[in-house]
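We call the chains A, B, C and D, going by the order they appear; numbering starts again at 1 in every chain.
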Amino acid sequence: MNLFDALTALLLVLLAWRCLIVPDLFRSIVLFVVFGLLLALTWARLDAPDLALAEAAIGAGVLGVLLLGTWRALGSPRRGETPSSSLPAGLRVLSAAGSAVLAGALAYGLHLLPGTGDGAGTLALETLPLPATGQPVTAVLLDFRSYDTLLETAVLLMAVVGTWLARSPLLDALSSEDATAHTPVMPVLMRLFAPVLLVTGAYLVWAGAYTPGGAFQGGAVLAAAGVLLALGRRLGTAPDAGWLLRLLLVLGVLVFIGAGLLLMPAQNAFMAYPERWAGLIMHLVEYTLAVSIALSLLLLFTGRPGLRGISG
Amino acid sequence: MMGLDVYAIAAAVLVGLGFHGLITQPHPLKRLLAVNVVGNGVFLALIVLARRLPDGPDPIPHAMVLTGIVIAVSATAFGLALVRRQARDAEERDD
Amino acid sequence: MTEMLPVLAVFLPLLAGVILFLSGPGPGGLWALGGIVLSAAPSLLLVRQVAVMGTIEHLMGGWSVPLGIRLMADGLSALMILLTAVVGVLVSIHALGLFDRRDAASRQFWVLWPLLWGALNALFLSADLFNAYVTLELVTLAAIPLVLLAGSARAVSAALRYLILALFGSMLYLAGVALIYGLTGVLDMQLAGERLAGGGWVVNLAAALMVTGLLVKAAIVPFHLWLPDAHGSAPAPVSALLSALVVKAAVYLLLRLWSGPLLEPLSQPSVAWLLAGLGVAAILYGSVQALRQPRLKLVVAYSTVAQLGYMLLLFPMAGLLAWQGVIYHGVAHGVAKAALFLAAGNILYQIGHDRIVDLRGSGTVLAVSFGTFAIAGISIMGLPPSGGFLGKWLLLQATLGAGAWWLALVILAGGLLAAGYVFRVLRAAFQLPDSDAEGMEPPVRHIGPLMRWPALVLALLGIALGFAGEPLLALLGDMPGGAG
Amino acid sequence: MIYQALPLWVLMTSLVAALVVFVAGERRHRLRITVNLAAAVFKLLLVAVMLVGVLRGDLFLVRFAVLPGVELILHADALTMLFTTLSAVLWLVTTVYAISYLEQRPNRARFFGFFSLCVAATMGIATAGNLFTFFVFYELLTLATWPLVVHNGWPKAMAVGRLYLRYTLGGGAVLLLGIVALNSLGVPGDFLAGGSLDGVEKTHRAAVFGIFLLLLGGLGVKAAVVPLHVWLPSAMVAPAPVSALLHAVAVVKAGAFGIVRVVYDVYGLEVMTELQLGTLLAAVASVTIIYGSLKAIAQTDLKRRLAYSTVSQVSYIALGVGLGSPLATVGGLVHLVHQGLMKITLFFCAGNYAETHGIHKITELNGIGRRMPWTTAMFTLGAFGMMGAPPLAGFVSKWYLGMGALQAEALWVIPVLLVSTALNAIYFLPMLYRAWFAPPADREAAAGLAEARLGLLVPTLCTGIAALGAGVLAGLPLSPLSWVAFIVAQEYGE
């Protein structure tokens, strides 16, 4: 541990505290995004580059856009200062004390944990050469614990459907709300960055098998490209999703489940792949997942089932 | 013993802060942020845990965090859609 | 084939959801019906196999634990899966009558509900601490959008509150899982349990975090605030699914942890009694609130708050009888509560409101709906012959066997309070209408057989459960892990 | 197999009738009447077959395990048949009465559905082979009678319904606690002649004593033992056939019958004597007998007076059982039947008065004997029976109770019986005087014969004559008295 770590940790805590405490909603959101970026840096420092990428792209990036967009979409009276707590002072003190106890207990608990681990993690690192992918985290995500990953993509689908049901499309609100999208800066930004983002995203997906990156990080970057296009009015919403869009949205899940179920009789286990095909299948899964994730995240932003291209 | 790790302490404090924010903040957007702070605290703790293996970081907590992030962001995105809808409903009621 | 069944029980419903998503606005009920069959079939087969062969396991990806994820179908899982399938099929039929698939919003019911079904089965089969977290999130995130189908502002607020609290609850649970992984290096429930033997401060902390998280999700008093709003404002089939199955999911996980990795920390007398104390508070508070609600669906929703409390009485007694009683109570409540919500929904649908005072004199026109409500109410009150009664009987035997007289009194008081709120509704059916309101009979909307029968069948199943103790408890088997 | 399961078929007859009536709906009057009557007659036949079977010593038993170690048991012993026969006969009669009584009124399907369900529950209580089964039907009876009590839907009826539920469900909860507590001592609560405690009373003396109080408390509510009787007089808002049924057969008898079962077939007379429980029961019963009679005198409403009379009379059963000597037992058990016959006659008459001339108050009875001679004659028969005038049914009961008290050397019971008889006379005789001898209040009321319609009168005549016959012909085989003697011989192992 050195001074740098101590300062980073302190800064993280300060940012989180300010983010939750400032009355101004906009500042609160900005602080949260900054907090997310610093968290990404921290994770990179803590030997977790995959997660740093994911946090930057999804946690700070996608979520940041959604938060700021939501802030804009809220009517002006609700946008500014948030009401301070209506709780009586006594209860607030109680809550603060409770939180302090919680934090203290957790810190003490973490402190008491054994200094080395022996179990699934070691086993994963040892077993690594066997599966088709060389990246430990990708191996866990797509092979050892691929079941979790599969279920988690279903969560995304549910969130997308839920957002449709909330019937409060963000993109429509933004485009009707103000004219920022029409400023001349936007098309330039879009022309410059959208292709870069697309290429970066594709690279991250492809590279995920060997270096940090993967379907989620790559998908998030691809989604960012889509968001940019949407903000630049090259992409618009539509009331209903066409069949192709629907198919692409669930393609990853379908391939994942399909591969698992079709091969199950031969392999005697779900999502166990024959050695010759394992690499191919995992790549296929990863690519299709990336497409589905990117689209899902984009639709979480636009908020309506359909997408349409706008020429111009 | 894991010993004194500033990041572990930071993780614990983040959880506590988020909890406090969740209780005291009335605005739903703020409450969503608070829950995310709690989540990030937990994720940070997992990443700290992952460093204990001698042969490089433990991929299992990393996979857990990645899964956790996707779930948290999905849920938050949906939550934001609800926040917008609630605000719109309130506006319509005011009119 | 047998080892494949757990996987099919999870993925065929998920697949059904995805296919219904893909099918778009096309043809109506037939697709949905296909989805129901596809979802129910593997569940029922699995239950039969468990009944014949005992516990079935499946190693996902062929990786053995602790590296991979284990699915396990034991008696408890099978019972919950059976409950889900039976309630699910009947509620689906009701929903076929209520939700027009040509309507864009209603169509999403047929996407989300099969996904929820798969998620529930996944949770009931999970033998992995982290996988349980994922499945629990899956359950929550499939359930909350369903609340929105009502489309009202009230439903939106309820959904948002529910979402925030549920997310917080699962983060607490995850924090506990992180600590357990830090201690043991494994996530498999059984392995973790073996390595946690001996307990310690960290185990206690982990248990506290996980249990608190689950209590939030299960809407146990004092974390119940979101439940009545969410369950009371959702469309009837959704309320039925939420009350009968979704809140049970969190309680199920609590029972699973108690009978597995967290047995030691949760068996300490102070903890056990604290949990039971919460249960008592839930029973009394929920029942009293149910007595005071002006609207029918809110009565039923608060009744759920109360009925969940019974399930926490397990902890201090911790014997086979209590285990059986709590689970039987849960199953019976699931069936009866689904019937109550469907009946309440039918009343709401027929006369356009569910204000109890204004229901006076409607007993004749709404005879079937009120009859359904009454029959389901028998089980909720714990009166014989019904599943609720057998659950209460077992729990009473357990409390008296353990010498906990005052808990027995609470159970009986809860039953009497339940009778209070059930009969408060039925009284409206028997009462004569106000004389000055006569001649202004409100128009009554007709309900088709698709909406009428499932509710009645569920209510009658609640009665039938009063005779099915032997086979169901045989399916449940002994307490897992030799707990207690 | 089918023969052995007769208790189940008897039960099912009413249950199926109830279901058919519910499903058939309000408008199918003819179907409903046919089903009701056919079921009642069919049940009577089944009961007759079973009666002969029990006399021959055939075994009737149905068991079904609902939980590990917990069974639903339906069986038929001599005691079962006493209650079953009474219910089956009175159900038929009351059905005829009710069909006529409710003509042209709304919600008849609902009424007859719950009516049949109520009888099904009563049959279950009669044939229950253990405490668990008994409790199942005991609570079912509560559920089935509540809709009958509030049938009219008036605010007053609803309020009474609430009171009724509070008492009966509360009593049910207490009873359940007692049963489960007994279970947790390892006593399954099977009904076996001579008791089934299996010596538990030796190891858990206090618990066994306490549990008896719980059981008595739970059963005492339905049996209207003071101070748990409050619901009974209020329940008079129900339609007349319901009152008749509640008082004569179903509810109060279910409580009394439960007490009989607990005393003879669970605790057994030895334990009752050893723990002084018999004396306790007899004392409570005596208080109720006197108190009920005193309250009856104070009533001005006909049905309420009859209701308090019921409070008093039902406790004769408990008194006989509590005294525990063979003769007292005969007196108590035979009163189960005798009181049923007499009280249902009285309530039918009250219903006839109300239905035909709108008479509710006792003062309105003046001169009614001239207009409704048949009804009034039956009323007189019932009243004299209740007072215990020889050779009527009530006399037989009281005679055996008195002899039994002597046999049990409980001399304090004799004055109780005498005072009770005197009080009975005080509240019955003035009514009879008014009906036969007092001048009618107005001229219109003095005009000519105006008897109740045939559908009401015939059942009244049937029960009235049965009440007479039960007393006069008590010496014949198969009379209630002979049957009770048969039961007592079994219980005392003679």
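Following the convention adopted for this analysis, contacts are C-beta pairs under 8 Å (C-beta built on N, C-alpha and C of every residue); 3 or more make two chains touch, one makes a residue touch a chain.
Quick caveat, the model's predicted, so the values are computed rather than measured.
A.B. asks: State which chain is most central when centres are taken as means of Cα atoms.
C.D. replies: Smallest centre-to-centre distance to the global C-alpha mean: chain C.
A.B. asks: Counting C-beta pairs in contact, which two chains come out on top?
C.D. replies: A-B
A.B. asks: Using CA atom averages as chain centres, what separation in Å is found between subunit B and subunit C?
C.D. replies: So the centroids are 27 Å from each other.
A.B. asks: So, what's the distance in Å between the C-alpha centres of subunit D and subunit C?
C.D. replies: Measuring from centre to centre gives 43 Å for this pair.
A.B. asks: What whole-number Å value describes the gap between the mean CA coordinates of subunit A and subunit C?
C.D. replies: 31
A.B. asks: Approximately how many whole Å separate the CA-defined centres of subunit A and subunit B?
C.D. replies: Roughly 12 Å separates the two chain centres.
A.B. asks: Which parts of subunit B, given as residue numbers and ranges, touch two or more other chains?
C.D. replies: Residues 2, 15, 19, 45, 49, 60-61, 67, 71-72, 74-76, 78, 82-83, 85, 90 of subunit B touch two or more partner chains.
A.B. asks: Would you mind listing the residues of subunit C that make contact with two or more other chains?
C.D. replies: 130, 134, 137, 141, 144-145, 156, 175, 181-182, 187
A.B. asks: So which chains end up touching which?
C.D. replies: The list of touching pairs comes to A-B, A-C, B-C, C-D.
A.B. asks: Can you list the residues on subunit A that touch subunit C in the complex?
C.D. replies: 105-106, 108-110, 112-114, 117-124, 127, 143-148, 151-152, 154-155, 157-159, 161-162, 164-166, 239-241, 243, 246-247, 249-250, 253-254, 257, 260-261, 264-265, 267-272, 305
A.B. asks: Which of the residues in subunit D come into contact with subunit C in the complex?
C.D. replies: 22, 26, 64-68, 70, 72, 106-107, 110, 135-136, 139-140, 142-143, 146-147, 150-155, 158, 161-162, 165, 169-170, 172-173, 176-177, 180-181, 183-184
A.B. asks: Considering the complex alone, what residue numbers of subunit C touch subunit D?
C.D. replies: Where subunit C meets subunit D, its residues are 361, 364, 367, 371, 378, 383-385, 389-390, 393-394, 396-397, 400-401, 408-409, 412-413, 415-416, 419, 423, 427, 430-432, 466-470, 473.
A.B. asks: Of all residues in subunit C, which touch subunit A in the complex?
C.D. replies: 3-4, 7, 11, 14-15, 18, 21-22, 24-25, 58-63, 66-69, 104-105, 108, 111-112, 115, 118-119, 122, 130-131, 134-135, 137-138, 141-142, 144-145, 148-149, 156, 175, 179, 181-187, 200-202, 205-206
A.B. asks: Could you pull out which subunit B residues touch subunit C in their complex?
C.D. replies: 2, 15, 19, 22, 28, 31-32, 35, 38-39, 41-42, 45-46, 49, 60-61, 64, 67-68, 71-72, 74-76, 78-79, 82-83, 85-86, 89-90, 93
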